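See below for the structure under consideration.
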Amino acid sequence: MSEVLAASGAAATDVSVPAAPGARPFWRRLRAQRAALVAAAVVALLVLVALAAPLLTALEGQDPTSYHPDLIDSARGGVPVGAFGGAGADHWLGVEPQTGRDLFARLVYGARVSLGVALAATVVQIAIGVAVGVGAALGNRWIDQLLSRITDIIVALPLMIMSLALLAIVPQSFPRPVLVALVIGLIAWGNTAKIVRAQTLTLKGLDYVAAARLSGWGAWRITRRELLPGLAAPVITYAALLVPINISTEAALSFLGVGVKPPTPSWGQMLTAADVWYQAAPQYLMLPAGALFVTVVALTVLGDGVRTALDPRAASRLRVGTGRKREAGADKEDTA
Amino acid sequence: MSAFSGLTGFVLRRAVGALATLLALSVIVYVVFYAAPGDVAQITCGPRCSPEQVHQVAQQLRLDDPLHVRYWHFLQGIVAGHDYSTGTSVEHCPAPCLGVSYQSGRQVMDIITAKLPVSLSLVSGAMVLWLVLGVGTGVLSAWRRGRISERVLTAVTLAGTATPVFVIGLVLMIVVCGEFQWLPFPQYVSLTDDPEQWAWNLLLPWLSLALIEAATFARLTRAAMLETLAEDHIRTFRAYGVGERSVVGRHALRGALAPVIALNANNLGSAVGGAVLTETLFGLPGIGQELVHAVDVVDLPVVVGMVLIVGFFVVVANTVADVLFAVADRRVVLA
Amino acid sequence: MSAIDSAGDARTDLVEVTDLSVEFGPVRAVDGLSFRLGRGAALALVGESGSGKSTVAAALLGLHHGTGARVRGSVTVAGTDVQRASGEELRRLRGARAAMVFQDPLSSLDPYYAVGDQIAEVYRVHTRASRRAARARAVQVLERVGIPDAARRSRSRPHEFSGGMRQRALIAMALACEPDLLIADEPTTALDVTVQAQILDLLHTLREESGMGLLLVTHDVGVAAESVDEVLVMRDGRAVEHGPVAAVLRAPSAAYTRELLGAVPRVDAPRAVTGKAAEKAPGTGEVVMAGEVVLEATGLRREFGRGGRALTAVDDVSLTLHRGETVGVVGESGSGKTTLGRMLVGLLQPTAGEVRFEGRARHGTHPAVQMVFQDPVSSLNPRRGVGESIADPLRARGERDEGRIRRRVIELLERVGLEGAHYDRYPHEFSGGQRQRVGIARALAADPRVIVCDEPVSALDVTTQAQVVALLGELQRELGIALVFVAHDLAVVRQVSDRVAVMHRGRIVEEGPAEEVYGAPRDAYTRQLLAAVPALDPEVAARRRAARREPATA
């Protein structure tokens, strides 16, 4: 199965040798994409909100966990008192139906959970994926066989099902957000490993690695100086694409009730609760759904932008009339 | 001649590889769930079991035996079936036996086969939709590159990939069934009972599962199409006056299909995850819903059985895709 | 179908290009080019990379339409005004009246469809023939280009064909609609020299039989001399010289043409400067080896893969290299020459046999045995400054003094014809030839006794090629390094080598002093190779072609 997946991986993330030296062309190419810039600004804002969650809620004068039964109209089945779900100077975005907890506070604390879990899971995925991928590519035939087979099995594990099951048996005392990040990270590193292995094999076959061997350097130094820097571009690209996927996964798990558990707020969990309130209190559904949507869109666009900036081939594909243009450009460089 | 024997060899190698993967998968799943720290009998039986039940489970699981003996017994059950005692009588669990739920007393395989038609209806119908929608959109946006229509398609696709399946489902249900009442809230009707009702009731679940997968496919198809459209042989046909429709639809698409087939198999796992969400959301009585329930009450044998069944489908789908791939492009066999 | 059409506009020329300019953004690829091509005539556009020759070929079929390129001037091909033609008119021109043959025959055919079906598809687009008739036509043209058992082979897909067969199939596709003009864009560049000769002969025969015009785009003056009546030498998008092929090649008027012709290595010219180790004993023609043996390979064998699929790339090869001499290893693709080179430097372990360096058996690499690589792009790490790359052997040796390292690297950069200021530049800032010089400097930094050059100039333009070859020769004389020069180009190898080994299917079929191997080849394969090298003189080319045709008809 590895050939096919490697092929699809190659098509999806372009296992190539980007000729980008240093960081400056990267920023220049990233800045050239307006959509990516806007997305980067949105992501920066989200991260800021998540980091400053306690500050923001203190400013509002609320916290995400206290109940406000006085704001709930129990006669009407538990909807918030007042227009717009009870939104006002005290509760900027209104309160939750039934409990009366502050929605703004839950939303910004939810951003912490979403981003934190997704980033931590990505770090775990990338760490395992790079270790296994590089190990397989540089090890002897047996190590490669072993690691590649393990990767195949990991890829065959259905992430959602497996994490549902795993999250069910781990004792409740284990800190939940850490657990969710670990479970996602430990199950979903297969494709990272495949891409890293393919890229490392490509790099290993390049003449400049052979030249480094001829210089008399040892294997460790060649790996560190010649191979690993070449992996940075595809790994960063892939990581940028993994973050939004992980956000969706965490939200889905919390939606199903096995992810982050109450009272810790999480967007997925808010959606589960909002399910039955959409008519009486639509903002309760729209706020977490909107937050999730904006976050994932922004991260995906940013991920695409990073990929384009790191991979000149993809970048040239964005322009019109690529083939001839590239040729002409290359010609010019050669005669210069 | 030699190409054919090469293909047969390839299929055999892949089949053996798939079997090995399945075996390893069963080991991992078994070890992860049954070798977890803590009172295994208590965890297996679930929090609602009485001490007598726990004692009985401990005996059935042969907790005195070492782990590999217990795994071997489990494997035997899958291959040949085995008898078990319910305390009052001895029952036979026919192969493939994935164990018995200690909470309902039913055999796991029975539970799964009862729920499988619903999940298969959901996933297969949605798959048709997402392949048609996804590949169609991808081809179109690659072909219309640089025009307004492509930008619109790209934006729609991006929104599609970025929206979690349960949000799409929720919104669809609220708008279609709630606000406008165009359709009743979905209620599963068996295909054999009433095919028309079956389709109408599954329409929304199909759509919500298909939309998000279609977006993924559209992105991949577009990338693959752009890659093949830049290839030399496309230039050849253009330089020979072959019409654009044939160049794109016949030559470029043919080259772009290979990664699409691979992705479809590779993505099946995530699609099944989406199916779990869709079933929960629409209240469809499929394996997904059953799994969420089993997880809720910690019915371990059912959970393990379902993980293995889904893993089985994913591995089989990957293997079939590999073989299709090789038939379509014999060069893979030689590589 | 084209008989009436062509009679209708027989008065005009087949191709008329007036003041053609093509711009890609800020880059002007073609700049005010004009030329004509009469019916049945043959013209070659000759130039180095970046000269705009391929851009002109694409402009003849209107292939720049819709790519964002700005095309000005007028182009008329077989009566169609390409600049003003509608999409439909262009489609009718392409393939039917003017057909194009591309450089890389493998990637130029769709890998998923049978070759016959692809030709039939093109035929049906222009003739509305039935499926059956189109298939029959495909088999017919495949037969015509000399594909044996064409009916059966037409059902094969491109990857089941050899390189030469694929190029024949592409030519068959071009012939399907009996065009008036054949545009061949570097049709033989991706092929081995013996296959190249066959394809050029085929083009010649087809022209004689069908009377179609030929526009050949090539970087290789020899290929032009073999195939056309007129040449147009291009540089930086402009015409430098235009005239009958014999006149231009014998007595070039433009300085650039003279430079270009001067740089072309000639297979029939003896080596200008010999290495310091080899001295001819007067009268005998024997080369006497002066230096001691530095590198000695005995019984080298290398297999790839295992079991039934094992492939023997190099089979029982022995080679001795003396101090200060150059041994050329020449062979076609797949002959095992690159594998041999990599075993000599220790990048590949031989399956059997051993490599002895200065008398001691050696495993793995040794800094005193260096390599210069073929591909100037992949041989330098794009993320490191070139100075750092060159400094690698110094640092690996344990040199710690940064000042000394920098001084030495700058000295080396200057030695290979670059500037010390280039130390901190990155590889992408250099041209192909400059990158190759950096590669040489890096090899020199290790103070090598032996350098194995693996196709060091095959990716370079002919003028750059000559400079790099000259540099290698100079360094060798100065430093007394022994060189192994691995290449497919017989002429280049003759230019640099004291001794030559000819490889064929993993074995050395002939080895000896360069003068003997080239002057009086003993092996049949060597003779075949030498006969296939394009001659720079059209008359000689015609004579050779006749000679090649004889055994075929006999």
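The letters A, B and C name the chains in turn, as written, and every chain counts its residues from 1.
One rule holds in what follows: a contact is a pair of C-beta atoms (placed from the backbone, for glycine too) under 8 Å apart; a residue touches a chain by one contact, two chains touch by 3 or more.
All values derive from a computational prediction rather than experimental measurement.
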A-C or B-C, whichever has more C-beta pairs in contact: A-C
Report the chain closest to the protein's overall CA mean, measuring from each chain's own CA mean. A
Centroid distance [mean C-alpha coordinates] between chain B and chain A, Å: 22
Can you check how far apart chain A and chain C are, centre to centre, with Cα atoms defining each centre and the answer in Å? 47
Distance between chain B and chain C based on Cα centroids, please, to the nearest Å. 51
Where chain A touches two or more other chains at once, by residue number: 320, 323
Where in chain B do residues touch at least two different other chains? 235
Which chain C residues qualify as touching chain A in the complex? 24-25, 27, 29, 48-50, 54-55, 58, 64, 66-69, 236, 342, 345, 347, 365, 367, 369-371, 373-375, 377-384, 389, 392-393, 396-397, 426-428, 431-432, 439, 442-443, 446, 461
Residues of chain A that touch chain C when the two form their complex: 17-22, 206-208, 210-217, 225-226, 229-230, 319-321, 323-325, 327-329, 331-336
Chain A residues touching chain B - in the complex, by the definition given at the top: 1, 3-5, 7-8, 11-12, 149-150, 152-153, 155-162, 164-169, 171, 191, 244, 248, 251-252, 255-258, 268, 271, 275, 278-279, 285, 289, 292-293, 296-297, 300-301, 317, 320, 322-323
Any idea which chain B residues touch chain C in the complex? 231-233, 235-243, 246, 251, 254-255, 328-331
Quick one: in the complex, what on chain C touches chain B? 61, 63, 90-96, 99-100, 102, 104, 107-113, 121-122, 125-126, 157, 159, 170, 173
